[in-house]
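Just so it is clear, A, B, C, D and E label the chains in written order, and each chain counts residues from 1 on its own.
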């Protein structure tokens, strides 16, 4: 698949952008994003507790998995990358530029997740370190009273990434007291359109469900509304590999999604299993593997 | 018609500004603005649902129509332009620099629609891409507790546009708990005057109505109060072509408006019909067509 | 009268400042300021309605009057000046740098009227356009919870104006829930002192009244408290020429004011009468005319 | 006394800083600060009314006194200095960089007194004008919800002053709903410590009182807690010269204060008396005069 | 121990960073941080009162101790360092870049402790003064409505420190109405992870306790969750040397902490004793001393 080259990528960065996009998507136009930003978003809930292997409590677990597995990009905060990347310098990184904790409930106060560092900091870091930093990411909470600040930061980040030949991924989640159902297809389709208007290369969204089941028609509304911005489906809570990979396959082949952003379903497993699960997800997302093929990869056959 | 050249257009950009103004208005001094910024403003409500053709859900529909039809400018967000413009590089664009979603009701919290990108970003983008970017746009919500921030951004945007030979369009809507009737002629005339004080080339306003009927006297108060800033009447909800074109003709020829900003009445139609509707609107606005001539264009006769 | 040259006017701008001050005040040290900033402040209330001539609804009326009459400066927003000044390039302008609408009552929310453009924008505009821009203006609402932001902007504007050889006029009005009587002499004297502390060349204030009558003693407290900053008395609602000119004469010769800021009492009249009224006000303010002489000017004798 | 040279005074400004400190303190290390910033802080209350001589209403009174009397520095706003300093160019000035009015009660809203101008503006003004500007000042209201903004501005101002060889004086007052007793010694000692942590050369504080009497032990806690930052005792309401000078002497010689900041007790007197009162205060503060000697100076013997 | 060199330390500063890290940790990788920032945080409560020696009221006491004792770094505000450092120029300093007072209870208003000075100010100060400034520090209050502002400032500070070869220490404390138990291990582990995501070299945290006893298992969750960022245990209220040193030893050798931040347990003692206590803490932290050896140091044997 040939990527749509955004018009705000300047001539001198066209090749860089195309190469970056191709590398991130394995030439498929679809992105397997290994999400490792939950140290802030969920504090230690995702990393220590019942059903979570002890090794997940050490942040290095994320880097070990990201380094050993097939992934599109490993998305995490700048500071964490800086602390481990000299020892894990082959990982394709995506710098997540904002984050917030879960201490304040969304019902109590509207969320604002502010940008931590500038795209220019990432560009300089990439040049200084020689690391394989493919892109930047940012979360927007629509419906928050701070929506305006996040829309502005998101628009700037996407444009500045393109100006420097990098890809931009936006996480777009409606939140706050005026949002009734986060899994409503029409609302998610609206978020997809906002991602398109912001110029995102990929937009990570909630998945539309009806009664707990994937709403394929709804997902088609969403992925069409996103236009040329690829929709990444949120991985969500840990579930069985069978259920996960089956739904992932349907999201892509029936719903038109262009990838996924998965964290807990990978890292909340022991190292070897986590790597195999990541590989299975990558195979479905990028290599057009069937669910059966993917399950064989997961099983290590 | 000769445009009034704003005094803050510097000598080296005078010709550019005049040419731009003439191109945008087809030499008529009147602007047909095809509004395509609703992906953020109305989320997916305007693009998917009962009575809306399925093709409208794909944002490319807007570009197809804007590319094939007679229009003055196509107004939408920077990111969306960046994503499609390499394939639609003949469209006259106007970059809408702010946008907000409709998730928070105006009664619940006063709106603030913040500027996403700077005029200098648009100027650089125009130079890098060679696209036909004729101007910039911005929405001001008067009566909001954030009015001050939007007035400042609007004033800066208009001046910076002029400094670079581009035209500036302001959407000015009184909103918030102290606004009783958005369609009150005297209030709209006030908004028109604010547009003039901000130096806008065109100001997009609500239309004064009495009992659902166009208030022609009221519109004359409005268009006079706007002075040399041309008043663009809001297109509003989708209606019949007959009703739409008749009112448009009266707005211009009886009410003194200098154009219109129309979105849903164009894009909520299948491609061919949308193009014909846009052409009909353009004919009335720019080519002095009669309602009958315009309806013939719409009918494809 | 020799102006007191502020110490923050640098040596290379001393002559410019002195010439500007002399031109604005006709060599008298007193300023007749024609206020034309109400398009934003009062929306269309001052320009259309019972008792207002229809021609006042067109903003060009202000420029016609300002161009034909004797005035010190014509104060209005940057954008409006930019739109008309190529055709009215002999008017001595003062750029009013902030403005707000009247949609939110002062009791409901504390006012913040933010600066729209920078003094450096005005300086560049003046150089590019060759217009006779003599100074800048700004309104401060004391007692608002946003007082701190306006005090800062005001202090910067005055200093930056002086750094560039221009005069600075501040409108200072106590507002908000803690202000009981806007016409209290002691409160107005406080506002006068704030203007002095901000370094204003002229400070436009409310007029102290007792029972609807000019409080001459009170005005002396005010004008003394202002020190070397000249006090401009607010023109207020439209009244009869006789009453207006008599009070103006008393303000200056009994109360120590150094001019006035008048809008509605001028522009809410047909062109010829408006010009004559402005000339009468100018004669009293700058030329030491008696009330009788001024009334003869108003009458066109 | 040799001043402690702050380590953030760069080598090229060491002599300037030492000379400035010595000049401001008459070589004593103690500062007599003539406070003339009340035009904003107290509006016209301190300058006009019962028991205040009429001449105090004219701000020039402050400059006349500051010019004729022995003082360490005359502290007032930039704008006021700019307006009078060409005629009063021998006064040692200290530019007070923030100010607020008293219109909003502290109980109603937490105070924020924002910085008006930058230290770099003062440095440029000093160079352009050749005036004897020895330092800058700033007020911090601890306990306000805006405390963070004022702490940041204060820290920057002190450091920037030192970078340019000027002294910095901080006014530090706990205010707001959580402050029970402004004259509590332990609270004032805390404010003193904040001044030390901010790097102030002098910190102006409330005076600890017990039952209306100077709390000498308490003042020793305060002046010790301030470390090398000299404590200036607030002058407060006007009182008798005897009471004032006696307490001043005790503050210094029993309580360890390093000066005072006095306004009303000087300027609320006729010119000659005001000068003699200032001279008496200066004699106690800087020249180690006894109370008797100081009273003779006040009496003009 | 070899420090993990953060990847955002540029090549030209690698040696500086390594040397700095080694110096601060005595080559052990563990940091003994002498905390002297309470002049602002606790006002005068920690320095004057029952059980506190009088000499502690003078801020110079901190510098005397820091100068005479074995310490890793002495952490305090810029202004205080500037005022004493010419006389105490052998101390290894860490500049604490933000601070707030305790006047507003956390339950009443969410805390915001804003950055006072920029890292670039510290870098310039270090170069100008030649002082041994090893790093910078900053406090983040998670769960505050201002969390976003502090996360941004913290991320910037850590990166800018690394860009200049300095170490960065973050104090991370969950606070506000949604935080139930500050000593909950899982919550502290979350704070540790935030420190890792921000890229801190060391993160100072609350200590997990169960029923007043050190929760060793909990501390292991915390120190593992922090990854390569070293955990510093908060020193807390003054206690007996025996209890303090025993717990410190267990924190390090059983809990995996990499140091401590101690203020009151050092400075709230007379000079000689304070120095011996600091030396004892240093011996345990950096020199692998046993509790018995440390107590002998404290006793001066």
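Just so it is clear, contacts are C-beta pairs under 8 Å (C-beta built on N, C-alpha and C of every residue); 3 or more make two chains touch, one makes a residue touch a chain.
All values reported here derive from a predicted model rather than from experimental measurement.
Common neighbours of subunit A and subunit D under the contact rule above are E.
Chains compared, subunit D against subunit E: the Cα-based superposition rotates one onto the other by 70 degrees, nearest 5.
Subunit B and subunit D have CA centres that are 57 Å apart. Taken as a graph of touching chains, this assembly is arranged as a ring, one closed cycle with exactly two partners per chain. Of all the residues in subunit C, the ones that touch subunit D in their complex are 4-8, 10-11, 142-143, 145, 147-149, 151-152, 155-156, 158-159, 162, 174, 176, 178-179, 186-187, 189-194, 196-200, 221, 224-225, 227-229.
Residues 37, 39-40, 43-45, 47-49, 57-60, 76-87, 99-101, 103-105, 108-109, 112-117, 121, 125, 128-129, 131 of subunit C are the ones that touch subunit B when the two sit in their complex.
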